[in-house]
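Shown below is the structure under consideration.
Letters A, B, C and D name the chains as they come in the text, with residue numbers starting at 1 for each one.
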Amino acid sequence: MSEINKLKILNDPIYGFITITNPLVYDLIQHPYFQRLRRISQMGMSYLVYPGAHHTRFHHALGCMHIMQKTIQVLKFKGTDISTEEETALNIAILLHDIGHGPFSHAMEHSIVENVNHEAISLLFMDRLNQIFEGKLTLAIQIFKGEYHRKFMLQLISSQLDMDRMDYLKRDSFYSGVAEGNINSERLIQMFDVQDDMLVIEEKGIYSVEKFLVARRLMYWQAYLHKTSVAAELILTKILKRAKELTQQGVILSSSDPLQFFLQNKINLEDFNEEVLTKFSYLDDFDIMGAIKSWQFNDDYVLSELSKMIINRDLLKIKMQAEKVDKSQVIELRDRLMKLNNLSEKEADYFVFKGKIKNQAYNKTGEPIHILKKDRTIEDVVDASDQLNLKALSKPVTKYYLCFPKVLLEKAAC
Amino acid sequence: MSEINKLKILNDPIYGFITITNPLVYDLIQHPYFQRLRRISQMGMSYLVYPGAHHTRFHHALGCMHIMQKTIQVLKFKGTDISTEEETALNIAILLHDIGHGPFSHAMEHSIVENVNHEAISLLFMDRLNQIFEGKLTLAIQIFKGEYHRKFMLQLISSQLDMDRMDYLKRDSFYSGVAEGNINSERLIQMFDVQDDMLVIEEKGIYSVEKFLVARRLMYWQAYLHKTSVAAELILTKILKRAKELTQQGVILSSSDPLQFFLQNKINLEDFNEEVLTKFSYLDDFDIMGAIKSWQFNDDYVLSELSKMIINRDLLKIKMQAEKVDKSQVIELRDRLMKLNNLSEKEADYFVFKGKIKNQAYNKTGEPIHILKKDRTIEDVVDASDQLNLKALSKPVTKYYLCFPKVLLEKAAC
Amino acid sequence: MSEINKLKILNDPIYGFITITNPLVYDLIQHPYFQRLRRISQMGMSYLVYPGAHHTRFHHALGCMHIMQKTIQVLKFKGTDISTEEETALNIAILLHDIGHGPFSHAMEHSIVENVNHEAISLLFMDRLNQIFEGKLTLAIQIFKGEYHRKFMLQLISSQLDMDRMDYLKRDSFYSGVAEGNINSERLIQMFDVQDDMLVIEEKGIYSVEKFLVARRLMYWQAYLHKTSVAAELILTKILKRAKELTQQGVILSSSDPLQFFLQNKINLEDFNEEVLTKFSYLDDFDIMGAIKSWQFNDDYVLSELSKMIINRDLLKIKMQAEKVDKSQVIELRDRLMKLNNLSEKEADYFVFKGKIKNQAYNKTGEPIHILKKDRTIEDVVDASDQLNLKALSKPVTKYYLCFPKVLLEKAAC
Amino acid sequence: MSEINKLKILNDPIYGFITITNPLVYDLIQHPYFQRLRRISQMGMSYLVYPGAHHTRFHHALGCMHIMQKTIQVLKFKGTDISTEEETALNIAILLHDIGHGPFSHAMEHSIVENVNHEAISLLFMDRLNQIFEGKLTLAIQIFKGEYHRKFMLQLISSQLDMDRMDYLKRDSFYSGVAEGNINSERLIQMFDVQDDMLVIEEKGIYSVEKFLVARRLMYWQAYLHKTSVAAELILTKILKRAKELTQQGVILSSSDPLQFFLQNKINLEDFNEEVLTKFSYLDDFDIMGAIKSWQFNDDYVLSELSKMIINRDLLKIKMQAEKVDKSQVIELRDRLMKLNNLSEKEADYFVFKGKIKNQAYNKTGEPIHILKKDRTIEDVVDASDQLNLKALSKPVTKYYLCFPKVLLEKAAC
């Protein structure tokens, strides 16, 4: 295929068109590692609440690249020098920033591998692709790792107001129909500038930043941390845990080969050699959901019951509250379930459990969102806004949940 | 769950909210037969062209029900009597009209079962659900089969301007981002009326009908029959065909149990007893894609090559044209491929083949779209429109395709 | 015209269609008093900043009625009895709630008449229409005045989350293109309920309320109180003031007859007899803008200069700040202008002046927005929200401005 | 104001943001000649049917410039050389292409001046601005007049698929809410190319062109030629005619000075010296509507009756049909009106009249829309489309109307 034919235009219902302006970017998109992202949903189990939320990591990554291109245009228009090499590197870095995500995105981040986060795996993929593409990704990787001397470039990829967050809020809002999450990314992009090697937002964009933070918080509580999604993702985690447990006991569960590999082996970051990476690259939502579909009919009560819950959307009851859940409540429910269904304590623990979730719209202790004042000084958005106490948005919110089977519902205090 | 709690509201990015106004409808949606539709994509392989097109039959069915509700409101406002029982039956009939779809919707309609269309299977599901819900679906089934005396009710469910078509055009346009397919369903709904037991459109809605037909044709050529989707769906069909062939030869292919059943047995409509229906109800996109993922590594050259094409989106080259493809061209390409890859003729046929696709925006010989003139007479939309020769839209358009591997490309006359 | 033909459907780009469901409502809309609203812009001079903001009070009033209809449907669905008479009265009350607005909406509220607010004039119009329509508006007027025993009905028309605010935020955002002001009115409407004769929002709608308040604040600072609009509206007020002053001095200014009447007479609320109301009903944006166009060429320096500013969008410079403007700064600028253009102090005051504007997204001391908790108790939204310190939104924000001619700019400390 | 501060960004609800990238363009926009367009509505009297249709020529001109910028980007990306001077000239030419429009756009094109179309006046304004800006508009004027050697540049400004048409269809559809008129301008722009100095559309954009033509036809019949708008615009024309007639008879009608000038003088193209141009530049919708408001109370029966119709939206009845209106029908109605209201024949002619309107979606005899086939040959879109008989869209459609007062309605054959 000629280089010129690699300059493609893709339809996107959000931005209209996404343009591939570079043959190397085209080749990366064509690579099976990246094509895999077509089979990894962006919003995990949220489709059980919002039936439209079936969009993928693939689409999100392209969307990020699109707004990166727009942002680069704005920064250049305002006088920041960005070379063609840097531009390509930024496009690649944002395109690949999530390539290490496993099935169902965040839902299973720590279930398949042992304490390896997706950023670390993204880096492994990038290094491998850099070999394949003979060093052409080196600058992108430098930027991604924060090792490049121009610091604002990392902020474009990873900060509290980066391309990633802008695209996922807009995209998740669009596909799920949670209209309140929609942000005005176009305006935010117009407000970007670089000052003292820092990514900043012009002062007149301060309301848009505030709206962005409010929208983000709203998406968390209304979509990402919606109690039904949370319940479904917890069940998913429990299913994987049970499957690993059974596998360790020597039970052979039907599953795809790559999934079988990760059931049988505990993989830490140091184990991630090329072979393991290849296995990992074969894993996607289809392996998990395919296994769960077949596990519905497994002899193990725990595995089959939990699997049916996901497939038929007949989930555990979840109760969410501002106060901690009392341990005694868990014990009481668990004991009732043990008696009712003749289960061991360990088995019952799969159905009755508690925990907490936390969210913080803006993290004052992390890298701040910088506001560029008219006098060219820079302030943290929280300090710059004299109108809304943005501090409120910096306060982490914690919620506590309790899960248990519906069969216990009549007598539970809900 | 109390009956009142079954009156739910769901988010929909297209209509805002979809309301479940009836406990029976709620119970049908909760049934595993219907939940299965969450795992069947609406647009088959179109996501390979339009990365956003991952919406499901589940969402589409709910959307159809929503506009059915709106249409019933309009018809009642204009004076047509519709009883509560009829209203519920119409909601159910449209909700379940597509429940018989197999994996990847149309793509595989005749690959898994032998010449059984999805409408026939939908009816089997409805009959089974009618048993389960003790006869409460009888009126819905009567309407669906065209056996109810009020004929306009069938037209709401199945005609050239029905709820189904309105929702899928709007939804497919929305999720794929092919903006030209968007139709003004709201205006069309406002224009509906019933005259002489026929569903009609008020004369002043004639431009909207015309726009609907143009949009439909456009969606066919730009999305549903886009050459890349067509290529992918043809490959999918070839994969299934090869898998069945190998299975008949005694090869055991890895696959889910339900898929294995359909590989091993030729199922005709008369074979569709309750057991078969149950097996069929376990089948969805995940069985197919899961199998294809594993078949990438199968020993059979044909099966593995075709499977890789789908997984890595590295498809056969497809050439589309207005004229028939010459048989000699196929033979010449096939022979070259046989030599190149040392294949038998039968094997090579899986990679080099031709065929045709046809589309007709409006079928003048079928049930017409009726226009209600100001003097209360009724005319076919084609005759009523004095402005655009809608006859042009009634002319079927046929296109011919030729598929072959890219490796032959250099010398092929494309 | 037959009663049935008065049930009309109007296009609205925001809601799709607005339906007139009542012949009396149709007749009110047809009345010249209401048709006048077609010639009164909703956003005053904001079109000088947002060129799309030319929508009218007429359209806004219809939009309010539309969401009133939707809200009534929801409340009835949830079990609140609302009779047909009450429904019609609510539609009428919201339709006419702004009928007393003078030219350019708020901009000139106290320039044409003396300390008569538009609500008082709305009531005068309603009373007059009630005479014309033989008492059919009595219930609507009772509700509007808060004299009806069902208090939630007034809250639908006038409270911190009423039909008026929902429509104007959505509409102003739409037409101006300030996307951040868009609110999810559809979701808010779905969340409405009535408890203890109070309009409440279900607890799960709390994020939408918060988003509504943030959007409202944003629209204030980004659109309604945008410094350029503020400058233009201040100039408008100064023009009227000057015109009245000259008229009092015996100068005959060219103007339409109705405007001439209000230039020559100081009209208080008690002066508003039928004749004055009729004169007022002839006044709209065209009288003001027509006069200003001709006053560009008036001999009076102040009047002509200010008029040219509006017509050619060549406004006074405005400086906005968080701190009070120092009187000495005004004096210094005024003195320079006096010398420069040979003006008297009084004349110069028309060009150099200061003032303040204030906004409060949520008024904790007024009627609160009530949240209906799951246990059916009611709380103020500020207390119910444990997540964002909504108190921040209750804090009034004051900004101070200083206006002066651009000619002084070089040396002014801006 | 510094040159850098003239690079402005404006909100536009349709495109998000419109960017002024050139100080000269900024200065032209600031000029009173251009600011006048803020007071000229784009859709004439259509707001009487579509209450949202109050957008202006000013906004439309900016929108045209925006898509011109986008199109130039695409053409350059595909390899067409366009110099910075040409780019600026194209922006200016499209910005000013409609600057010669009089009040209410097309409605009054031949009522105020005698047989001078708005293009001719646009050119007069451009020439004047070229003097003021010392020759900087010379290239823009050359392009506008078709005198520049690169012919595709004129096609961007004036052809059957130019920036003007794309913007007005999109904008009029947006503001009026006639959703069917919305076109995918973004996709059309992506499809533009230049071949042999001709503006062409890539073959794969053919469906979008077709949809554009269908949308255009639809906007004509549903919006621009909606019978109520047509009636209102005819009444407007009659009012002006009557006003001129009375003025010729020596009656002094109240009006603004510039309007008075055009009532008293018959202005042909040759009369258009600088003084006349200046007078014309003072005229806008406010002069006309202001005059009509005052003429409601004029002693002349014809003038006051027609004026009231516009102000109160109580228009003449209009009947539209495919066949010519019979002269005898007009005479019969006119005679009845004469008797009923004691009018002379001449007076009655103002209330009872007939005529025709014509529209052609695509003009096969004019400059065609060129399709660039894959083999780089060029075809007329009508010939290139093998699917829809686009010839149908080339057939002019004529409709005949009959207008008469509602008072005659009871007995008229409608």
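Side notes on the structure shown:
In the analysis below, a contact is a pair of C-beta atoms (placed from the backbone, for glycine too) under 8 Å apart; a residue touches a chain by one contact, two chains touch by 3 or more.
Protein names from UniProt, one per chain: A, B, C, D = HD domain-containing protein.
Here the structure is a predicted model, which means the values were calculated and not measured.
Residues touching across the chain C and chain D pair largely coincide in numbering: over half of the numbers involved belong to both copies. Put simply, the chain farthest from chain B by mean CA position is C.
Centre-to-centre separation of chain C and chain D, using mean CA positions: 32 Å. With each centre defined as the average position of its C-alpha atoms, the distance from chain A to chain C rounds to 43 Å. Residue positions of chain A touching 2 or more other chains, listed in rising order: 16, 179, 186-187. Of all residues in chain A, only 10-14, 16, 30, 32, 35, 38-39, 41, 47-52, 54-56, 58-59, 62, 174-179, 256-257, 282, 284, 286-287, 289-290, 293-294, 297, 311-314 touch chain B in the complex they form. Residues 9, 16-17, 186-187, 190 of chain C are the ones that touch chain B when the two sit in their complex. Of all residues in chain D, those touching chain B in their complex are 179-180, 182, 184, 186-187, 207-208, 210-211, 214-215, 217-218, 221-222, 322, 386-389, 391-393, 395, 397.
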